[in-house]
Every structure is written in structure tokens, then in C-alpha cells.
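In what follows, chain A forms one complex with chain B and a second complex with chain C.
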Partner chain A sequence: MTRDVTDVCIVVEGCYPYIAGGVSSWLDWLIRKQPDLRFSVVALTADDVPRDMKYKLPDNVVLFQRLALAPKALRPRLSGPHLDGAAMAASLLDLWQRGDPKALDRLAGLANTPLPGGPLGFWRAPARPDHADLIASQAAWTAMTLCYEALAPQASFSDFFWTWRQVVGGLFALLQAPVPPARVYHAISTGYAGLYAVKAARAEQARCAVTEHGIYTNERRIDLVMADWIADSLPRGYGIDDPRGDMRDIYIAAFEGFARAIYASADKITALYGANQSFQRTLGAEDAKLQVIPNGIELDRFAGITLLTEKPRPVVGLIGRVVPIKDIEALILAAAEIRRTVPDVEMLIIGPTDEDPAYFAACQARVAELDLGGTVTFTGRMNIVDVLPRLDVLLLSSISEAQPLVILEAGAAGIPCVATDVGSCRDIIEGAEGETPAFGRGGFVVPPMDPQALARATVDLLTDTALRDRCGRAMRQRVETHFTSGASASQYGALYSGLMS
Partner chain B sequence: MRDTGFTRRERWAVGTMLALDVLVLTLWLSGLVSGLVMVALNGAVAVLVFGLVGKSDLRVFLVGLAVVLGPLAGTVLLILLVRPMRGRGTTPDFGAPDDLPPLSRAEAICAAIVDGRRFSPRKAAPPSFAGLFVDGDLTSQQRALMIMARAFDPELRPALQAALASPLPAVRVQAAAVFAYLRDSYAAQARDVLAGRHGLDAVALAAQIDRLRRSGFVDAQTGDLLAERLPAQDPAPGPEVVASKGTTVVSRPDFAAPPSIKRYSCGGIA
Partner chain C sequence: MTVGPLTRLDWMLDSALLAPIRRSLAAFVVAAGPWMVAVAAIAFASWTVEPVIGPQAAEDFRLAVIYAFALAPLASAPISTVAARRISAGLMPRAQVGGLFIVAAGLSGLAAQALALLVAVGLGLRDAEIAVALVFLTGAAAVMWTGFALMTALREFRFLIASFSIGIALAILLFLGLGQSKPDVASLIWFFTFGVTACAGLLAVRLQVWQVWQVSSDFGLAGAVKMLGDEGRRSYALAVGAVLGILGVWIDKWVFWFSPGGLESSAGFANFPDYDSAMFLAHISVIPSLAALMAFHDGDLRAAMLRFRSVLAGGRTLTAVRQAVVQVGTSVRSGLFMILLTQLAITSALILLAPVVAQSLGMRLDQYLTLRTGLAGAFMHVAFLASSGILLLCNRQWQFLWLQGLFFGLNLMLSLFFISWLGTSANAFLASSAICAGIAMSSAFAAVGQLDYLHQLAENDGLYYPR
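On to the complex of A and B.
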């Protein structure tokens, strides 16, 4: 039987094809723009609860595989294989604390090598351990307690127990998962997706690339610092130099260790803009592997757009998911300010609202509190081509972005933008340093978390038609020159051919 | 021997049932038979063993019990068999854990020191982190931001502003997230106080209102509304207890698994 080897296996975590927008949209675009290549997709999810696909898989995706990081719990077996808990702990700590890629190989070996049974499994033929053997056996307990002694001996053990189970459970789930044969494994983040791609590339003697839109370790750090469900068991007060490790430190260390191992093993590491490479270098990425490939958009889609001039009300739009990282609350606060100068302004929040229902509810409450019911509207997901003609200004209030497609799309339609100074927003709106030819300002860049600044910039554009037209033109010229879909797709095509050759 | 209610033959049957149950359980735990097969085996064993002993009503009772309790039936029957034979008061009463006296303050401090969880008094006062965001290393700056998120004090506000203006994107982005988190958290607390959903006594309420108004995350209008909620006697809030200052200890049952990490962006754990 011959194996069906695809050209590229995309590995993606918590995203495509189950979540709409953002990286998922980009991934859908990437696959469709490489029609000569055959793809497989491995989607990592937190659990195996059924999910609806938000995207129809393109025709050149020949295999789709879902991998749950916390699979349905298996019953620990007394007859399970005899594992070496101390060796497991040593490898886990090498990965966790130092990001040693060889430790990943050792753990993969441990998870996949057939072993003779334990005391009650003497009659069994050597078998590969199952997931329960790896995280809920006597050996796992030994490994867990050794990790506890090394990582957080003063912290609460019961919290460590669950932290270890979550981090290590996900790790072993991916190390045991089947690998679709491919010539290149392309992970769309570090973390578990990156580890899977590295493991798969080593197993298949293939090549591995990692693309980061945002920097995964930094985003995880932020999420973990904010997480209210993590108990702080050590009263460290304001001691920056307190060496005692607590659960947040352990999670952060794990993701940093993963990233180090991935950067060390990957053949190519791409980012959307140069500034993000500093994060990657900090975690050991070698300069020779680094490459910048900016996002691009399909200009044809926006060529026929004519902005509406005769409208009952001026319209400002934010296009994005209603999630904390987009800081929709700042936009709502800004809306209250803008309304003071432009009373009939209409603020549209265009994007899916179902990803974080609690946050959406908080945003709705804030709209009600500020009596903005007649000003702010959550439209849900809409076709961007239908929405853009209505907008006078596109606003982006995110506290973290990489290279937001919506700004490029608004730019292609000639809509001026106001965005927070995150990711590559400044380069897109004001032009990169030494831009030739210089197109001028395409809107305004303001500090993040500053609703007043957002409001001031938006009011300036809404109340000055000439400025708005000038900015819109500059945006369109810049996007047409530097950020086209064709250019971006060619660079990814070249990346794949380079790796496959 | 005391009367157990069982004949000698029935006692032998219970012993045999127990032994066979142990065998069936071992087969199941070894993965040799599935759960369904284990239950079926147990039923068959119960019919065979108890079908031959006792009166018909006792037979039905024993078989029924074996079917209901599965492989634990042998153990339960053994307890029923042995229980009447035990002398009264032969088991020492250790008392429930709830009966243990609570730890004294000295014992609690001693336990915290032994466990390495003692709070260090030198780390009590809010330090000036602002300088750290000018010439500190990245790790220290990230650590300081984590502390601000978990133990914010209004005196740390300038440091947070400095972090928001940092030339390092990693710091700026994390500072913005901390700012958003604190803003939402203080806004929610202010809403609770204004709506009367606080459950605080007069002294604690005054301290809470003072803390909210000084935080810098509550606008002037809300601050005025909060001031109107100050208790009539307006007791001057005393200094905050150092150990409790801003330490948000979230309790979760020890045996409850944590939720998965919340996603704030694409490319994370779902």
C-alpha cells in the first residue's frame, strides 16, 4: 500500500477551521492561493467536543485530522506498560526549563515505544503506553512529584497536579497522535502546534516551518497573567526577585520552553513584520532561519468599491471579533466621546460575537450604561465588501495585533484608518521608515488603551472631508504598492518550494 | 460465635462469591475483559453461587444484591456477615477531621515557614517600578507587570503609564492588557458598590470606596457617585493590612480540574 504524501501539512491550534476570522481567514487564503500544492490540515483543539466548521475546506486539502489535546480520559490499567517515571521527569524538565529539542525526541520515544507490561500485565505482549499510562499511572505520579520538587516545591501541590496534567497531557496527546505524511510541516504558531510540526517533521524526515502572526509565547503570557482561575498560592507581594515558582510561572515557563525547542528545530521561521523577530530571537531563533513575509490582500475584490457619499449619518466601523484583545470597550468609551462632537455618528462593531460570550455581555452592558444604544451597533459577522462602502473611517482599538488584514482591506477601498500603535499598524498607516515613494499619512496611530486619543483622531477625520480624502488615497496607494495578495502568496510558494527542494 | 443470620453453607457461599469477585475485578483492571463482560460474569457467578444455597427468598435477595452491586457484592456481604460478630467499642474512635482544633496563629505561621510560603514583610510596600521600565531588563519588567495585574496599588499607576509608553513592544502590549484587565475589574467593582452588591460592613465599604476612587480607573462622575455611598459616619479607613494588600487569592476546590486557558487571540488553546 502506498502512502499518500501531501506537499504541505498545516498544523494549527485553536483556530482554523473552527473559529472565523483572523488567522483562520488568512489560512484559508493561503491554501487557496497555492492550488498546485496538496495540503493536509491538522487542527489541534482543547478537547474532543464536536465543533462546527466555519470554513469549507478548499479542494486541495486532501486530508483533515483533528487532534484533541485533552482526549477523553482513559481508565488507568494495572496491566499497563512499565514506564520509567524518573526518566520521564528528567526529559520533561529539560523541555520545560531549557527548551531542549532532544528532550522532545526522548519523550516521543517514551510515548511510542512498546514496553512490557507491569506486574499485572506480565502476560501481555509489549505494547505502546496509552494516554492514561502516561499521565495517570504510578510512573506519571513519580514524574509529577519530581517535576513539582524542581519547579514549584513551595506552591500548592493540588494546583500543580492539575497544571502538570494539563501541560503534560497535551504534550503526550500530540506526541502519540498519528502523523499524516507530508514533505513540509507548517505550524501557524509555536506552542502545541509547533511541537506537533517539529515532531512530525522529525518522524517523517521532512522539513518544518513556523509562521507567527502574533507571538504565541507573549500572548500566552498575557492570558496567564490575567487568568482569574489560577490560584496564587504564594504571597509574593511586590518581590520581583522572589525565586519561588507559582502556577503562572510554571505555565509561562512551559510555553517558553516549547518555543525554544521549536525555534531550534524548525528550518524556517517567518513573521509578518520585522519587530516581531526580536521576540523570536530572545527565545533562541537563529537569524539565518528568520524571514519576514507580510500579509497581502486581493486587490480585485476591492477595486469596484465606491464609497457612499450620500448617507444619513457618518459611519465609523470596527471589523473584528468581540474579544478582549480587540479592546472593544475602548471603542465604546471612544464612541461616547465622539458623539459629543458628532452627535449623529454611527459606530458599527462588525464581527462574530460568540467567541467570548462573557466579554460580549460586558460590552453590551457598557453600551447600555453609557446610553449608546442609538450610536453603537453590534452587527455580527458581515461580508466586508458589503460593509466597506458605508464606512467613513475604519477604527482598530486592539491591544495586540500583528498585521491586521482589515486595515489593508480598508486601505484598498480608500478608507482612512485610526488604529492603536500595535503590530505593524504604524507602518501601514504612516508608511515604513524611508518609504519610497512617500505616500503620506493614511490616518492616525494612537497609543493603545487611550479612548480619548482614539476619539480625537476619529473626530479629526470625520469633521475634515479633505483630510479624509487625502488619507484614503494614501492608504490605497500604499496597499496597492506593498501589500498585495499576489506578492505574499508568491513568497509562501517560494518558501514551500525551497523547503521541498 | 454470634448469630449472623447466615447458615454455615451461606457463609461459605459469601466467601466464594468474594473470592470470585476479586478474580473478576482483577481481570477487568488488567484490561482482559470489558466492563460489560465483567458485569455479566459477576451476574453469572452470583446465580451459580447463591442459586444453590438458602431459602428461595434469601436466594432472590442475594442474587439481586449481587446484580445491583456488581463485583462489590462479595465485599458488602462479607461486611454484613462480619458486622454482628464485632464486639462493641473495639474500634478506637479517632473522630472526624472536622473535630480537630483549628491551627493557632503561631502554628499557622510555623506551617507557612516550613512550607516556604511565608510572606516576606520587606516585600510589603509598593515599590517604585517606574525606573524599572526605563533601564530594567525584560524579565524584570514582565514580572513587574504580572505583579501589577495581581496586586495593583494606586501608587503603581505611574509605573503602569511608563510601561504603556515602553519602546519594547513586548512590554507595551502586556502593559496594555494589564491596563484593560484592571480597568474592567475596577469598573465591575464600582458597579457592584453602586448597585449595593458588596456585602461589606461600613468600615470595609469605606475602604473599598476609597480604594476605587484612588485607583485611577474610575471616572470622576462614577467617583462622585461612589462618594455618595460612603457610610454616614465616614470612618477614616485605617491602613490596609499588608498581607492582604491586593493579593487576589482565588479559591478553587482542590480536586476540581482547571478550565483550559482562555483564548484572547487566534493561535492559542481553544
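On to the complex of A and C.
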């Protein structure tokens, strides 16, 4: 039987095709923009609960595979294979603490090599350990306790138990997962997706690329620091230099270790803008592998847009998911400030509200509390081409972003923007250092989590028509020059052909 | 405020002087309660009605009771063990226990009746009235046994003792009141069934079984059936192990009953009096240890386990967890050592006194030898039971099942071997008990030594989906 080897296998964690917007939209675009290439997609999800696909897979995706990082836990068999817990622990710690790529190879070998049965499985032919053997056997317990002693000997063992099962369970799930044959494995983040791509590329003797929109380790760090499901078991007080490891540190160390191993093993590492490369370098990425490929947009979609001038009210819009990382609450607080100067302002929050119902409810409560019912509207998902003509200013209040498409899209429509100083927002709005020709300011960049600054910048634009027109023009020129879909797609095409050759 | 005499008595029994006696009595009843009912019935029957109805009819009555009390646990053990496990794990509110009792006791009772019917037909009992009475007594005993298991899981020992006492008193009153009117064997069995049923009924009242039919209850019988089924699927190794454990205790007797030397009573019950009477005494000799084990599990061991769980749940370090494991191990070793040492002293004394006992009961030499071997075997069997209990504490259900199966198989094969080689002897029971006690004890101590691993990971049922 001949193997169906695709050109590119995309490996993506926790988004496409199950979550709409952001990276998922970009990925859908990327695949459709390479019609001559045949793709496979491996989507990593937290568990195996059925999910609805939010995207129809493009025609050039010939294989789709889902991989649950926490499959249903089964009890290890009594006749399970004999595993070496100490060796497992040593490899795990090499990966966890140092990001040693050879440790990943050793763990992949451990997870996939047929082994003779243990004392009660002497009659069995050598067999590959299953997931339960790797995370719930006596050897796994030995490995877990050795990892605990090395990583967090003063922390709660019970908490470590669950942390270890989650981190290592996900790792072994991907190391044991089948690999669709491909010539290039392209991970859309580090973390588990990156590890899978590295492992698959080694197994298939193929090439591996990693693209990071945001820096995965940074985003995980933010998530982990804010997470209320992680208990702090060590009373650290104000001792920020306390070297004792607690659960948040252990998770962060794991993701950093994963990133180091991935950067060391990948053939190409791309970022959306130069500032992100410094983070990648910090975790060991070599300059020779690094490349910047900015996002681009389809200018044709926005060419016919004419901004409405005769409107009953000035309109400010935020286009994005209602989730904490977008800091929608900051926008609501800013709306209250803006209304003081521009009483008839209308603030639209345009995007899905179903991803984090608790946060959406908190935002609605804040709107009610500030009596902003006539000012702030949650519209839900809308077609961006329909909504852009109504906007006077586009606002982005995110705590973390990479290169937000919505700013590029607003820029293509000639709409000035106010955004927080995250990701490449400053480059898009104010222009990169040494921009030639210099197009000038396209809006304002303000510190994140500062509703007052957001409000001041928005009011400046709303109350000065000339400034608004000037900024809108600058945005349009910059996007048309540097951020087109065609330019971005051809750079990815070149990346793939370079790797395949 | 005035208090009634019962409350006063309760206070007195809770005093520093009398509380240990009360706890010992409770443990005694919980550990050996149903068998004490049987022993008391047999003793009273022999004492009160044998002169009236004659020795053959009295023998039929005694055998009917023994058959019923041998068959009832076979039917009730798998069901009541699973149901009690659900309760003792703290997985169901008190208000739902009544529904669970109805389902578990109903299933146990029906299964026991079916089993008794099979045995009655298989043996070809000559008297249909005795056969019918046997079937009902077996069913009632299974219901009582199930109630005992559930009340023990709820730790409601006081009411358990009270219901047991009232039930046995009713049976005795019937014997005393009606025994002199020359009743037939079936009537005697029905008197006894009445006492057992009364005990089971009182347990049902205490468990508030009517709650399951209340309109406000969202936990009906269907919910109880589902819960029992789900738990049964999770704990079937435990249920099968319990059945094998009971079969293991009886299999040597059954081999003798159906051997060429076996006898048949006038009603048609198979038996082997020479072996049965000696082994009956041997088994009774370990009731103090069973009671002590019960008290140990509910006292020191329970406290040590609570400390261990509290260390885990309290977010302590692995070092602290391991210290708690060591404390549980120390508690297990010292508890078992004290119980087995005491039992060893009792067994040794009884072995030395065996000639006197045999003479006073009119035993022959082979019975006397069987009694001595049986006493030693019963001691080993207690050690086996105690170790099996520790394995269950560590949730080693499969190891428990394997050991009970080994005991059953060894006792069966060695009984067949010894009966053809030596004739009447308790060597098979002694040898199989000793071998299994050795294996179980080493397994139990090994399990306690890795309690952290077993409790948190390997035997943590909450972690796993069924394969």
C-alpha cells in the first residue's frame, strides 16, 4: 500500500478548526492561499469531547486528524510492560528543566518501543506501552516522585500529582499519536503542537517549521499567573526571589523546556514581527533559523468600502472575542470616560461571546453598573466588511496580541486605530523604525490595561476630524505597502518550497 | 428536662468504665452477629424442643438453619459488599440508603431463595414443607445479612445490636412458647424465620425505606438499581472475591458431605457430623479475633487512615505523605500483631484443652484430632481474613479476588486429596489457610508500604474509566 504523503502537515493546538477568529482565520487563509500544495491538519485539543468545527476544511486539506491531549484515563493492565521509571524521570527532567531535544527522542522511544511484559505479563509478546502504562503504572509513579523531588520538593504533593499527570499525560499522548506522512510539519505554536511537529518530522525524516503569532510561552505564562484553578501551596509573601518551585513555576518551566527543545529541533522559526524574535532568542532559537513573515490581508475585500459620513452618532468599534485576554473590561471603563466628552458616542463590541460565558456575564454586569446600556452594545459576530463603514475609530484593548488582523483590515478601510502597546500594534499604527517612505501616524498606541489612556486617545480622534482623516490615510497607505495578503502568502509559499527542496 | 431510662442507660454505657465493653460487644455482634443467631437457635432448639420432637427432627432443624446460613451469604455477599462500599466511600446521602437497601436486600433475598430452591431440589428434600421453609429462611437471612452490611457501613452499631437482640428474643420466645406443643420441623424453621425477618424489618425501619416512595424524592428505585449496577461494574472483583471467600470456607465441608462417608438426615440434608461438629467448634474459637478485627478497623486503623487522607488533602509534601504512610503501616502491624497474638494464645489454650472438650462432648479420637487441626486452621484463616481486610483497605481488589480464589481452589483440591489419603482430617483447611495467610500477609504489608501510590494512583477508582 502506498502512503499518501502530503506536502505540509499543519499542527495546531486549541484553535483551528474548532475556535473561530484569530489564528484560526489566519490558518484557514494560509491553506487556501497555497492551492497547489496538499495539506494535512492535526488539531490538538484538551480532551476528546466532541466539538463542532467552525470552519469548512479547504479542498486542498486531504487529511484531518484530531489528537486529545488528555484521552480517557484507563487503569494500567496487570500484564503491562516493564518500564524503567528512573530513566523516564531523567528524560522528563532533561526536557522539563533544560529543553534537551535528545530527551524528547528518548521519551518518544520509551513511548513507542515494544517492551517485554512485567512480572505478571511474562507470557506476553513484547508490546508498546499504552498511555495508561506511561502515566499510571508503578514506573510512572516512580518517575512522578523523582520529578517532584527535583522540581518542587517543598510544594503540595497532591497538587504536583495533578500537574504531572496533565503535563506528562499530554506529552505522552502526542508522542504515541499516529503521524500523517508529510514533507514539512508546520506547527502554529511551540508547546504541545511544536513538540508533535518536531517528533513527526524526526519520525518521517521531514522538515519542521514553527510559526508563532504570539509567543506561546508568554501567553501561557499570562494564563498561568492569572489562573485561579492553580493553588499556591507555598507561603511566599513578598519573596519574589523565592527559589522554591510551586505549581505555576512548574507549568511555566515545562512550557519553556518544550520551547527550547522545539527551537533547537525546528528548521525554520517564523514570527509576525521582529520584536517577538527576542523572546525566541532568549529560549535558544538560532538567528539562522529566524524569519519574520507579517500577516497580510486581501485588499480587494476592502477596496470598495466607503466610510459613512452622515451618521446620527460617532461609532467606535472593537472587533474580537469577548475573552479576558482582550481586556474588554478596560474598553467598557474607557467607554464611560469617552462618553463624558462625546455623550452620543456608540461603542460596538463585535465578536463571539460564547467562548467564556462567565467573562461575558462579568462584562455585561460592568456595562449595567456604569449605566452604559445606551452606549455599549455587544453585537455578536458580524461580517467585517459590513461593519467597517460605520466605524470612526477602531479600538483594541488586548493584554496580548501578535499582529492583529483587525487593525490591518481597519487600516485597509482607512479607519484610524487606537490599540494597546502589544505585539506589532505600534509598528502597524506608527510605522516601523526607519519606515520608508514614512506614512506618519495612523492612530495612537497606549499602554495596556490603561482605560484612561484608551479614552484620551479615542476622544482625540473623535473630536478632531482632520486628525482622524490624516490617520486613516496613513493607515491605508501603510497596509497597502507592507501588509498585503499576496506578499504574506508568497513568503509562506517560499518557506514551504525552501523546506521541501 | 427529664430523661427516660433508655437515655440514662445509654449514658451509663458511654461512661469511661463501660464504653470499652460496649464497643467490644458491638464489634462482637457486628463480626459474628448472624452466626450468633444461628448458634443461639440451634442451642435453644436442642435445649427446648429436642426432648419433645426427638433427635432426628432436631437434627433436621439444625441442618436447615446451617444450610440457610451457608447459602444466604453466598447470595448476599456480592450485592451487599458492593452496596456497602458505595456507602462507606461517602458517595451517597443518608436519605438514599433506604432505596439502596430495598434494591440490595430484594436482590439478595431473591437470589438466596433461588439458590435454596436449587439446593432443595438438588438434594431431593423429602418434606416439601421443610423445603419451602428453608427457601424463606434463606431469603430472610440474606436480607438480614444485607442490612447488617449496610448498617456497618453507616456505622450505626447501636441500632444494629438492638434490632439483632429483638429479633433473636422474638425467635426464642416463640421456641419457648410454642416449642412444647410438639411442632414439626417446618414450624420451627418458620419460628426462626420470623425472628430473622423481625430483625431485617427493624433494620428497614431504621433505614427509612419509605423515603424512596416519597414524591419529593428524586432518587427512586430505578436510581438505586442504576447506582448498584454502576458500582457493581466498578467493584465486581470485590464482589466475586467475597463469594469465593465464603465458598472457600465451606468447600471442605461440602467435600466431606458428598464423600462416600457423608450422611443424609431424615429430611434429606447431606452432612458429615464427625467433621462438622469439630469444625463448628474450631470456627467459633476465632469469633473474639473477628470482633477485635472489627474494632481495630473501626478504631485505630480508621484514625490512621483519616490522618493519612488529611495529609494528602491538606497539600502537604511527599515527605509528610510518606510519614503518614509509615504511621498507617505501624498501626497495621501493631494491631494485627496484638490480635493474632491474643488469638494464638486462645487457640493454643484450646488445643491444650482439646482432650477435655472432646471428652465432654463425647467426641471420638478422629474428631479430637480434627478439632485440634481445625483450631490451628481457624487461627490461620483469621490471619488470612485480617490480611485480606488490609488489602481491601488499600483497595487491592484484584489481589483480594486472586487470593480468595486461591484459597477456594486450594481448599477444594487439598480436601479431595486428604479425604482419599487420610480420611477425616482438617489438614486441607489448615494447609490452604496457612499458605494463603502467608501470601496475603506479605501482600498486605507490601500494599500498606506503598499506600501513597495505591491510594493516589494505582487503586484510585475515581481516576479511571472502565477498559
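Just so we're on the same page, the second predicted complex is superposed on the first by the 501 of 501 C-alpha atoms of A that agree within 3 Å, B and C clash if a C-alpha of one lies under 4 Å from a C-alpha of the other, contacts with A are read in each partner's own complex, and residues count from 1 in each chain.
Just so we're on the same page, a residue touches a chain if its C-beta (ideal position, glycine included) is under 8 Å from a C-beta of that chain, and two chains touch if they have at least 3 such contacts.
Since this is a predicted model, take the numbers as computed values, not measurements.
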| item | value |
| --- | --- |
| Side-by-side fit of chain B and chain C on chain A, or clash | clash |
| Which superposed partner A:248 touches (first chain B, second chain C, both, neither) | first |
| Touching partner for A:145 - first (chain B), second (chain C), both, neither | second |
| Partner chain(s) touched by A:163 [first = chain B, second = chain C, both, neither] | first |
| Which superposed partner A:353 touches (first chain B, second chain C, both, neither) | neither |
| Chain B versus chain C as contact partner of A:153, first or second or both or neither | both |
| Contacts of A:78 with chain B and chain C, given as first, second, both or neither | both |
| Per-residue contact with chain A, leading partner among chain C and chain B | B |
| Which of chain B and chain C A:188 touches, first, second, both or neither | first |
| Touching partner for A:458 - first (chain B), second (chain C), both, neither | neither |
| Which superposed partner A:233 touches (first chain B, second chain C, both, neither) | both |
| Identified clashing stretch of chain C versus chain B [240-248, 258-266, 330-338 or 366-374] | 240-248 |
| Chain A positions touched by chain B in one structure and by chain C in the second | 77-78, 153-154, 156, 158-159, 231, 233 |
| Contact footprint of chain A on chain C as seen in their complex | 312-313, 315-321, 398, 453, 456-458, 463-465, 467 |
| Residues on chain B engaged by chain A in the complex (per definition of touch) | 26, 29-32, 115-120, 122-127, 132, 138, 140, 142-147, 149-151, 164-165, 169-170, 172-174, 176-181, 183-184, 242-243, 245, 247-252, 254-270 |
| Touching residues on chain A, where the partner in the complex is chain B | 12-15, 18-19, 21-24, 44-47, 69-70, 77-79, 120-121, 153-154, 156, 158-159, 162-163, 165-166, 170, 188-189, 191-193, 212-216, 218-240, 242, 244, 248, 251, 275-276, 278-279, 282, 323-325, 327, 329-330, 355-356, 362, 399-400, 420-422, 447-449 |
| Chain C partner contacts - residues on chain A that touch it in the complex | 72-78, 136, 138, 140-141, 144-145, 148-149, 153-161, 231, 233 |
